[in-house]
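Alright, structures below, take your time with them.
After this come two complexes, each holding subunit A, first together with subunit B and then together with subunit C.
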Partner chain A sequence: MAKIISIHSFRGGTGKSNIAANITTLLAAAGQRVAVIDTDIQSPGIHNLFNLEGEAITYALNDYLWGRCSIRQAATDVTARLETPVAGQIFLIPSSVKSGEIARILREGCDARVLTAGLRKAISELELDTLVIDTHPGLNEETMLSIAVSHALLIIMRPDRQDYEGTGVTVEVAGALNVPRMALLVNKVPTSFDPDEVRERVTQTFNCEVAAVLPHSDEMMLLASAGIFVQRYPDHPVTAALKQVVATLMV
Partner chain B sequence: MSDPTGTLLVVDDSHLNRVRLSYSLNQQGYTVVQAENGRQALTMLRQQPYDLVLLDIMMPEMDGAEMLRRMKADPALRNLPVIVVSARDDMACVVQCIELGAEDYLTKPFDPVLLRARISASLEKKRLRDNEQAYLEQVARVTAAAAAVEAGTFDVSSLDAVARRPDDLGQMARVFQQMARQVFTREQQLRRQVNSLQIEVDQARMRRQAAEITETSYFKDLQQQAQLLRDEMSQEHET
Partner chain C sequence: MQDNPNRDDLQALVGDLAAIASPLQAYLEELHSRYHPLRDGAVADYIPELAKANPDWFGICIVTVEGQVFKVGDYTQEFTIQSASKPFVYGRALEDHGRDFVLSKVGVEPSGDAFNSIVLDELSNRPYNPMVNAGAIATAGLIQGDNPADRMNRLLEMFRRYTGREIRLDVSVFVSERTTGDRNRAIAYLMRNFGMLAGNLEESLDLYFQQCSLLVNCHDLGVMAATLANNGINPITGERAVAAEYVQDMLSVMYTCGMYDFSGEWAYRVGLPAKSGVGGGIIAVAPNRLGIGVFSPLLDPRGNSVRGVQVCTEISQHFGLHVFHNNADDSRLRAALTGRM
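Now for the complex of A and B:
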């Protein structure tokens, strides 16, 4: 049975899309057929990591939601766009970067049920092993429904006061949605912090497993979403930590 | 030839022999202390460190052979070199003394040049042995320090003596201390910084906020929808 993994954060700017793209690539490197869907419709961006220009997107998730195409048509095979070939296959279902489309979503919202139906269709039509959902930050209906149908949820947070309470609420809500597997990832941690202490403190505060504590990485910042980190830096400690995250989520 | 320095214990029951020998050794630069029999000498050996013993054999109270036997039975005195200086020239006595651990054996009257050479050679051997012993003890301190670092019980000052050595071992100890100090400082710094990572979350308010979402009929409907979706996905998988 295909697995659905949601990558979520309460606030934006946590590195959620970056983590989602890297996890997707690691799964594909392991030979899986994986799709990553950008449900962050109001501020899309994951297509950049797969070197897919916004203008090159024929159909996006928005088109599917408005009934202008099938979910299959909204999926682009980005496997060949990777810097290093992978054994599996990656499909990207991007969100539109067109301002009119974004404005329409903000104005009218979208039907969460159409979205979840799209997730199911994507799994069957693309014959996926795993579907990775890059969620919209916060807790709106389509995000909660996406989380609810997930087998695993990874909540990204930064060691930032603005993240703590919202992350805590997200953990509680996700618990009520009975997600089988849930873990936190603490991202962009200043290198002066002791990762083990951070892990222990976060675990205790949120009563939730911490899959990884990723230090702030100059290499990641310099890459600036212009590529997939785990491919550019296969031997970097952050890559090793992300592999561990994948192992945690796929249990 | 080594420097004529060191503290020697001259053990002889003849006052004249002791004075003559002591005078000669003093002239060569040694510090000399006298004892008139084995018992007195053993007591003195346990009170302060000596570098060499010049020992007569035939003495009242405790003779030289018995004193040698007791010295070799005492771990603190076992390695102190002893040169026997005796009027006895029979081979049985020489063999017995050598077997008991004497470093050398000279018969009276002795040639002062020969005695000087043998004292000098014995002291040199002792110095080499002491140095080797000290080196091994200090190597053991460094290895113990490595184990202490692993156990988190390392005390930087435990390597002070080793770090004063001018050789490679001393350099290793100094680098070890320097690295340990740096790590310790860094740990302290990190501890202070981690302490500044305060995750202040009002758990009650957090739960209240979560409950405001999860206890709504909208959320209950969402839960039902989610369950329905899961069931459908599961059925799709089975078919």
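Now for the complex of A and C:
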């Protein structure tokens, strides 16, 4: 049976989309058929990581939600766009970056039933092994729905007070939604921090497994959103840590 | 229980989302897409208002006794409740007069005849049961109240408790039903001839035409059915809609007479107390588990919704809901309610 993994953070700028793209790539490198869907409809962006220009998107998730196309049509095979070939296959279901279409979603909202049906159809029609959901930061209906359908949830946070508080909210909601598997990833940790101490403190605070503590990485910042880190730096400690995250989530 | 609105709101939203993400929702969507192309049957056309129904309309709603709601398709589209109102009005009459008195006026014997047959029990002169028109008119005549408006308001208040919202009357359907209701009028006169219909005959007929002209949607039907499944308490609002002692009477007549002259085969195949209406609605009750509402205006020659009959049959068989099924094992239903996707 296909697995659904949601990648979430309560606040923006945590590196959520970047980690979602890297996890997707690692799964495809392991031979899986994976789709990553951008349900961050209000502030989409993950398509850039797969070198897909916003302008080049024919159909987006928005079009599916409005009944203009099937979910299959909204999915683009981005496998060939990777720097290094992978054994599996990656489909991207992007959100529209057209201001008018974002505005329409903001005005009309999105039908949770239609979105859920889309996730189900994506899994069956694309014959997926795993569906990765890149969620909108904070809590809105799409995000909570993504958590509700997921078998595993990865919550990204930075080691600062605002993220601590917000992450507490997400952990509480995920608990209420009975997510079978939940883990935290602490990202952009200043190099002056002791990662073991951070891990210990976060584990204690949220009573939740910490899948990885990733240091602030100049390489990742420089790469920004122009490519997939685990492909550019296959031997980097961050890549090893992300592989460990995938193993944690796929249990 | 601790009063914590923050927690209640979160739980309510979580409940909604868990239902949307459940395998039961996926099952209903699959069922809906499978039967949507079915174009058998015809919309009721004995009055122009019903003939205007769109044959494409199709909604399914399941509500559990825990208050979880699963719905697909045109579940907000309003239509007239028609005969699906009959068991509920029967329940009100039982509350007003008690079982013995109501039983002396309206029988509980399946007639095996069509819904509009002009036939009374020859020994007792009673209409056979409260689900055929004759019995429903006699039942409407039993509703207490100081005047016609008062009686109607008591029924509206009752339907508000069952649905959890204010229910309105479709005036043009009511006027059409009343204008073209000569057959029902003939039934009423026959009953009055035998002394079985006391009070003002036209007022009883009007109340009957009004109860049939109430506007509901498929979601309402699901909640109403779930209220009966939940022994008379609306599982969404927590409000009691009917005295617990009369729920079994209502379900009994639904089980034996609810689907007109298809009731026997329905009881055999589907095995759930149910009631259909020519507006296209069907309510079906799985006691202590859930209620089913289906809406699709294409009717078979007996006046039952074609898609509605198919959908109820499939749901009952798939989850083993037949009341005489070996009910010890409801693992399939539990898994569909609580699993993911």
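FYI, the second predicted complex is superposed on the first by the 251 of 251 C-alpha atoms of A that agree within 3 Å, B and C clash if a C-alpha of one lies under 4 Å from a C-alpha of the other, contacts with A are read in each partner's own complex, and residues count from 1 in each chain.
One rule holds in what follows: contacts are C-beta pairs under 8 Å (C-beta built on N, C-alpha and C of every residue); 3 or more make two chains touch, one makes a residue touch a chain.
Model, not experiment: these values are computed from the prediction.
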Overlay on subunit A: subunit C relative to subunit B, clash or fit: clash
Partner chain(s) touched by A:Ala241 [first = subunit B, second = subunit C, both, neither]: neither
Partner chain(s) touched by A:Ala30 [first = subunit B, second = subunit C, both, neither]: neither
Contacts of A:Val173 with subunit B and subunit C, given as first, second, both or neither: both
Which superposed partner A:Ile102 touches (first subunit B, second subunit C, both, neither): neither
Subunit B versus subunit C as contact partner of A:Asp194, first or second or both or neither: first
Subunit B or subunit C, by number of subunit A residues touched: B
Touching partner for A:Leu52 - first (subunit B), second (subunit C), both, neither: neither
Touched partner set for A:Val114, first subunit B, second subunit C, both or neither: neither
On subunit A, positions contacted by subunit B and by subunit C: 113, 116, 120, 123, 141, 144-145, 148-149, 172-173, 176-178
In the complex with subunit B, residue positions of subunit A that touch it: 1-2, 113, 116, 120, 123-124, 139, 141, 144-145, 148-149, 159, 161, 164-165, 168-169, 172-173, 176-178, 190, 192-194, 197-198, 201-202, 205-206
Contact set on subunit A toward subunit C in their complex: 4, 112-113, 116-117, 119-120, 123, 141, 144-145, 148-151, 172-173, 176-178, 180
Subunit A-facing residues of subunit C, complex: 10-11, 13-14, 16-18, 20-21, 25-26, 29, 72, 340-341
Residues of subunit B defined as touching subunit A within the complex: 189-191, 193-194, 197, 199-203, 205-207, 209-210, 213-214, 219, 222-223, 225-226, 229-230, 232-234, 236-237
